[in-house]
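Right after this note come the structures.
Look at the two complexes coming up: chain A is in both, with chain B in one and chain C in the other.
Take a look at the complex of A and B:
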C-alpha cells in the first residue's frame, strides 16, 4: 500500500482565484510506479448529476520509492467554492500513482474571501 | 423549491418508474422486432432474387404481350415460349414479384420492349423448367435492408440505454465538463443531423425538385390531341391519414402514327385528401372527351394533361423542415469550439446581451457595456412552442377522437375509448387556450432592458434601465427584480428532472406610476458574498432579471432576462 501525501505551503486549505498555489507531494511506494500525477480539479455535489473538471495536472516522472517533490500551480478565476441547497461545488488536489490508480486527495477552497460561499436557504422578500 | 420534469420515465425504485421501464422496454422490443422482421424479409427476398439471377439463360420468343389493369395497377401481360433441355415450355411471368404499377407509362415501356414475336433471353429454373422469368430483379434491393436495420438498431440501442442507465444511475459516476462535445460525440451528432439533412434533401428532390424540373422541361413539350379512354377517382384508405384520393384519367394519343396511352394528369400525382376538387376533374374528362395533352418529344410514352405547377405541390416543401433541422444541427455542432480545461467557457454561461455601440453611447472605461439584454425566450418563440406542442398533442389525440366519433356515427359507440380520451381532450383544449393566451400576450407592451455594462461582478454596482413601448398605459403595476436560482439536473433511470431553488431576490423597481412604468433606471448590485453565474452541464447558478407588468383582464406582461454575473479575471485582480 503506497503512502501518498499532499502539503500546501503554509498549511493553507483556501486560496484566492488567479493566484499561485505551491506545495509538496510525498510518497512511499512499495511497488515500482511509472509516474505520479497531481491533479487540480473541481466537482459539484448535491442532488444533481455530478459534474467535474480537471483544470491542471503536474506529472512526476521516474519516481523513487520514497521521495518528495515540490509543485506550483496557477489557480484559475473560478468557479468559486460554494454551498447551496441543491448544488455545491468544491475544489481538490488529488495525487494519483500510475498505473495502480492509488490516490489521495485534499479539499481546497477557491474563493476571493478565503471561505466557501454559502447561499441563503430562502431569499429575502423583494 | 420547485421541480421541472423534462421527460416521463422511470426511477427503478418506484412503481411508476417500473411501469415506465416496462413500457419503454415493450416499445423498444416492438421497434427491434419489427426492424429485425422486415430486415429478415428483405434479405430473404434479395437471396431469392440472387438465385434467379444465377438461373441458366435461354432464348425465348414472345408470343403475346399487352397491358392489363389489375387491382388498380397497370401491368405487362406477356406469354413467351422457351426451349430448355430438349423440351419447349411456355411462361407468363415477367419478373419475380412483379405486380404492375400505378403509372401506365411503365407498363407501356415494357410493352414496347417486349413486343410479340421479339426474341429475348429469359431465366429458367433448372430444378423446375416450367418456371421462368423474362427479367431478373436488380441486386440493388439489398441495401434497402439498411432502413429496417436502422429501426432495429435504434430499438436495441434505447433498450440497452434503459437497462444500462439503471446501472449507471446506481454507480453515479461524475461527468467531466466539456465546453464542446468530444470528437466522437461531434461525429455522432454530425452523422445524426446528416441523416436528417440527407433524408430531407432526398424527399425534397423527389417531391418538389423532380416535378419542378418536369414542369420546366414540359414548356417545350408538344401539344397533341388526345381522347379520354377511362376516367375515375381512385381512393386509398389509411388508418393514419384517412381516405386519400387521386385522379386517374387514361387517355390515348398518337405520335408519328403510333398510338400511345398515359394516365398521368400532371406532375404531382400522389394520393392526397380533398375529394371534391378531384371529382370535378374526373367529371370534366368523361370517356370519349377530346382534349389536348402535352407529350415529351424525346419520349412519346411521357405525357400529361396538365403541365402547370399544381397548387398542392407546396405540400412537397414539408421535407424542408428536416433539411433545416439537419443543416442547423450540423452547423451548430461544428461551430462549437474546444477550449482549454482552465478556460471560464467550461463553466461560465454565455451572455445573452447585445452591445449598444454605435448608438452614441460611450462605454465606461474598462467596461464592456452598455448592453441590451435579450429575453430568455421571445414572445413569438413562446407562441411557436405552445403551438407546436398543442399541434403534436392534439394531432395524436384527434386520431382517437376520430375513431370514437366514427364509432358513434356507425351506431357501434366505443364507450371505453370515449371515456378514456376525455382527459386527453381536456388537456388538448387547455393547450389551445394557451395558444390564445400567448397570442394575446403578443400585443402586450414590449420591454427593453439595458445594463450599463455586460458583465456584473459580485459586489459591484451597475445601472439597469428599462423602457416600455406599445400600450404601456395598460399596465397598472410594474415590478422588476433580480433573482438568483440554483438548478440541479439529475437522472433516475430514463427520467431527467431539474430541480430549482431561488436563493436571492433583489428588487429593482416596484411602481404604479405611469411615468415610471414607461421608462426609468435604477442602480443594481449583486452581493459581494454570493455566487457568480455557473453552468457546468447538470448544475447551474442562474441570475435573471424578471419583469412583471400587471394588466387587468388580460395576460400579464411577463419576461425574463438572463444576465451574466462573472468573477473578475486575472487582469482585473492586478
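Take a look at the complex of A and C:
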C-alpha cells in the first residue's frame, strides 16, 4: 500500500482567495506508478446530491519509489468554504497515485477570514 | 449541526452498498447470463434498486462488458437527444443500465427494448415487474435500516424509534435516512 502525504507550507489549513498556496507532497510507492496528481477541489456535503469540482491539478511524472516534490497553486476567488444545516461546502487537496487510484486528502478552508462562513440558522425545532 | 458533520449526509449514506438478501453474486451473475443480460431489478422506492444497479457495474466490467448508465426520474421521463445519441454506438459488448425504466411511456419503452437487441444487454430498475424478466426483487427491512443507522452513527446511540421512522416513510430507506438527517440537523452543537 502506498504512503502518500500532503503538507502545506507553515502547516496552514486555511487560505485566502486569490493567494498562492505552496507545499510538499511525499510518497512511498511499493508498486510501479505512472504519475501522481495533486488536485485542488471543492465539494458539497449535506442532505442533497454531492457537487464537486476540481479547479486545478498538478501532475508529478516519473515518480521514484520514495520522493518528495514541491507544489504551488493559485487559489481561486471562490466559492468560500461555508456551512449550514442543509449544505456545507469544503475545499480539499487530494493526492492520487495513478493508475491505481490510491489517494490521500486534506481539508482546506478557503475564506478571506481564515474561518469557514457559518450560515445563520433559524432557531432549533422544538 | 453543520451539514458536513451530519452522519446522515448523502455522501456518507452512499458509501453503504447493497447487501444481498437470499442470494450471492455468483448466483446473480449466472442468472443474468441465463437471461442474456436483459433483466429488471424490481422494488419499491428507496429499497436499494439504484445501489444494486451501481454495484453490478464492476461485475459486468470483469466479464468484459462496457456499461453505460442512464437515469430517468419523474422530472425527466424520457431520453433526451443527447442520451439517444449515446445509444447509437452501443454494440454486443455494451450493457445499458437504465435506472427508473418505469418512467418511460409504453411506446418509448418498446422502442428502447427493441433497439437493445443489438447490445450486450439491457438491465433496468423499475418499481413494477413486467418490463423485463425480474432479476432480483428488492425490499427494505427494519433490520437493514437499523444496520445502516448503526454504521452511520459509528458507535453513537441509535434512536429507539427506527421502525416508526421507516414505517412513517412507507418503507423508503432513503426517505427514512433523510428524516434522520433533518433530526440531526436541528440538534444543537455540543
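Definition applied: the second predicted complex is superposed on the first by the 122 of 126 C-alpha atoms of A that agree within 3 Å, B and C clash if a C-alpha of one lies under 4 Å from a C-alpha of the other, contacts with A are read in each partner's own complex, and residues count from 1 in each chain.
The rule is short, and it goes like this: a residue touches a chain if its C-beta (ideal position, glycine included) is under 8 Å from a C-beta of that chain, and two chains touch if they have at least 3 such contacts.
The shown structure was predicted, so the numbers you read here are calculated from the model rather than taken from an experiment.
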So, after the overlay on chain A, do chain B and chain C clash or fit? They clash
Quick one: classify A:90 as touching chain B (first), chain C (second), both or neither. second
Going by the touch definition up top, name the partner, chain B or chain C, that contacts more of chain A. B
Between chain B (first) and chain C (second), which does A:47 come into contact with in this model arrangement: first, second, both, or neither? both
Segment of chain B intruding into chain C (one of 44-52, 62-70, 134-142 or 152-160): 152-160
Take the contacts of chain A with chain B and those with chain C, and give the residues found in both. 43, 46-50, 84-87, 124-125
Under the definition above, what is the set of chain A residues touching chain B in their complex? 16-18, 43-44, 46-56, 76-80, 82, 84-87, 89, 112-113, 117, 119-126
Chain A partner, complex, touching residues on chain B are 1, 172-177, 341-342, 344, 346-348, 479, 481, 483-484, 486-491, 499-507, 510, 529-532, 534, 536-541, 566-570, 573
Taking the complex as given, what residues does chain A use to touch chain C? 43, 45-50, 83-88, 90, 118, 124-125
Please output the residues of chain C touching chain A within their complex, sorted ascending. 1-4, 6, 9-11, 14, 178, 181-182, 185-188
